[in-house]
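Report on the structure given below.
Order of writing sets the chain letters: A, B, C and D. Residues in each chain are counted from 1.
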Amino acid sequence: MCRASSLPFAIPSPLRYGELAGGTGHAAYGTITGMPETDTDTGWLSREQLRDARDRLPILYVNLVPVRVDERSQVSSVGLLLRATEQGQIQRELVSGRVLYHERLRDAVLRHIERDLGPMALPQVPLSPQPFAIAEYFPTPGVTPFHDPRQHAVALGYVVVLMGDCTPQGNALDLAWLSPAEALELAATPEMGGGHGVLLRQALAHLGHAV
Amino acid sequence: MCRASSLPFAIPSPLRYGELAGGTGHAAYGTITGMPETDTDTGWLSREQLRDARDRLPILYVNLVPVRVDERSQVSSVGLLLRATEQGQIQRELVSGRVLYHERLRDAVLRHIERDLGPMALPQVPLSPQPFAIAEYFPTPGVTPFHDPRQHAVALGYVVVLMGDCTPQGNALDLAWLSPAEALELAATPEMGGGHGVLLRQALAHLGHAV
Amino acid sequence: MCRASSLPFAIPSPLRYGELAGGTGHAAYGTITGMPETDTDTGWLSREQLRDARDRLPILYVNLVPVRVDERSQVSSVGLLLRATEQGQIQRELVSGRVLYHERLRDAVLRHIERDLGPMALPQVPLSPQPFAIAEYFPTPGVTPFHDPRQHAVALGYVVVLMGDCTPQGNALDLAWLSPAEALELAATPEMGGGHGVLLRQALAHLGHAV
Amino acid sequence: MCRASSLPFAIPSPLRYGELAGGTGHAAYGTITGMPETDTDTGWLSREQLRDARDRLPILYVNLVPVRVDERSQVSSVGLLLRATEQGQIQRELVSGRVLYHERLRDAVLRHIERDLGPMALPQVPLSPQPFAIAEYFPTPGVTPFHDPRQHAVALGYVVVLMGDCTPQGNALDLAWLSPAEALELAATPEMGGGHGVLLRQALAHLGHAV
């Protein structure tokens, strides 16, 4: 079973913070600490290059709804990441991240799940590349229900079943498993801002839940 | 433009009522007057035969969400039928009805739209037979969010754009056009019981709305 | 791993044959032996009652594409049932069967997989009830690409990942695992008649394959 | 009705050719003349900037399948663009193009249809942003069925119904309307290279056709 980590709401180290000042995840808004947006491990883009691209092109993302299911594939719980904003607020998030150059969507899904939930999460990538929804994040609020002050991003939404042990990694303080009903309720609050709550509710509607 | 009918909430005539005691639409629950369920005009099934089948087989339905769209195909309004129950309550409904023997799904969509909204509604049947959702109506409440005391019905959900003039027909007292926001709100009330509200919200989620 | 059974193309026993003369699966056409269509174990419908309903109502089915996937959820092989027709011809089929009264779609999927592939197949029911396709089988050939001389059936198509050991049961002579490329080729031949080949190719298209 | 243009296979003027040497559309491969890739009219990216981004990020596209439908929304014909490659070969293409910074997907669909088919094509943008397929174009052949030597592009596939008069614009030499059967056949030939043929066949599978 995938246990929620017992990590306290640790304050990221200054070094880490400095490295990541730009923020990265969708809901991050450049204010949530700790999301290694510039993929320095892969070296695809320098921070300047990424900022440059963001001023000129829509950036492709995946937005992932981690779930556990029972033996009939009914969702028993939804996994939400807990992050702290720079202002010290707690934010609930989906697993989210960019698709890299020359990276297949399947590999982007696996990489982001591993980055946030660890190498033992055993994710089941969706069979079909058809996403359940497309989220258009605009830097201008109000154009769509999705908003990202850093950029124009277009995210493909997928539900990902986790079969293994999840240990929140990197900048995620914790991972909380909620029942679908709890998740639906939380998704309607400001704790899931910027559109992640909207996408979560769309996901549960797609899975047949009353939303 | 498709105008809402100016019909008052007329009480159906006793004759009509007697004819239709069995009820018919999903949300009808055998209590909403006026839905000619036995399709006596087509003569496919006698009422007894239909009751018989309903005790033994899931019955195939289509559940249709009538919408008007702007020039970019964004939903500008959602059309909901107004019906009176036998108890005199007002109920809001989607367009809904059975698929007949040897009838194509496309033709069932067209037939039910014409039956409820008249011959000038100019519906656009969805291009793909893939429904946006499947609603499983059980005679036992609580098995799914969908409930129909008369039968086990499985409905394919489709969004149908109307291009023409709608005039509520048959047992529909009226047709109301609501903004997506109004429709979402109404869909969460008991005025849309039995599951039609749930399906409507799933439809709007599928179309990209925040639900 | 799910091994193809080593059963030869055994001729069903007369008793069995007699019991099942009505045939049952979609591609069966009433001519393929061995599909226990009347669900005598569940007692939902006598054969006469089912025949009666078939003359008057579309019958709801599920059509299931059994697959094995690699660790990135890419289809590595497709499982096809082998059946003998009464004329002694070999037919390749998807797993297919009726949805029973008061049965959820998820349960129908699990039941039919177990009936044909045994109790250790460990199927993953799709997360969402939204099917990848709807197959409309008409008793009249040519109305759609799907044909079933026995009835008007409407089948919801799902791809089902199998995680366990498959042992062909009941009337299936054998189960063959083919690569997606082999399956696509076979699906275009008369060995997959009545529409199962069409649905299989639609499934692989949906999964992103070149068809 | 949307008539196919009577334009001969005109050779683009040198000036035009010079302007567009970089090529642009998916199937263009940098070799098909005439697709104004750098959107000089909108001024979003200089050619150098776009080339730069292409070396580092997946570029977001829409791939559009233009169709005409009958009154039951069954596809009666598929519209394919005719282009000449620099080598003088004729290529059939879908309508395809980039999504611009701060552009909604709906607007990108409308813009590219107008660019290729003129202002009177009266396209119906799909109701839902959910694409029927995702095409991952890699600069390296063989990674997926989709190939674009210029870039890593991820295209959202949509079917677009055209209600008006189409007049091939810009770099399209002509627009041909084919029956679904003819389109399926053509889609399997080298005349529709790079993946447009694959996507077209996936689209027709999604619409319920036998592929």
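Note that in this section a contact is a pair of C-beta atoms (placed from the backbone, for glycine too) under 8 Å apart; a residue touches a chain by one contact, two chains touch by 3 or more.
Only a predicted model underlies this, so the values are computations on that prediction, with no experimental measurement involved.
Between subunit A and subunit C, the least number of touch steps comes to 1.
If you take subunit C and subunit D together, the chains in touch with both are A, B.
For the pairs A-B and A-D, the larger set of C-beta contacts lies at A-D.
For the pair subunit A and subunit D, the distance between C-alpha centroids works out to 32 Å. If you average the CA atoms of subunit B and of subunit D, the two centres end up 38 Å from each other. For this pair, subunit A with subunit B, the centres built from the Cα atoms lie 37 Å apart.
Of all residues in subunit D, those that touch two or more other chains are 129-130, 132-134, 144, 206, 208.
Viewed as a contact network, the protein chains are fully connected, with every chain touching every other.
Residues 67, 69, 72-75, 106-107, 110, 124-130, 132, 159, 161, 206-208 of subunit C touch subunit A in their complex.
Interface of subunit C with subunit D (complex): residues 133-134, 144-145, 198, 201-202, 205-206, 208-211. Within the complex formed with subunit D, the residues of subunit A that make contact are 44-45, 49, 53, 55-60, 99-105, 129-134, 136, 138-140, 143-144, 152, 154, 156.
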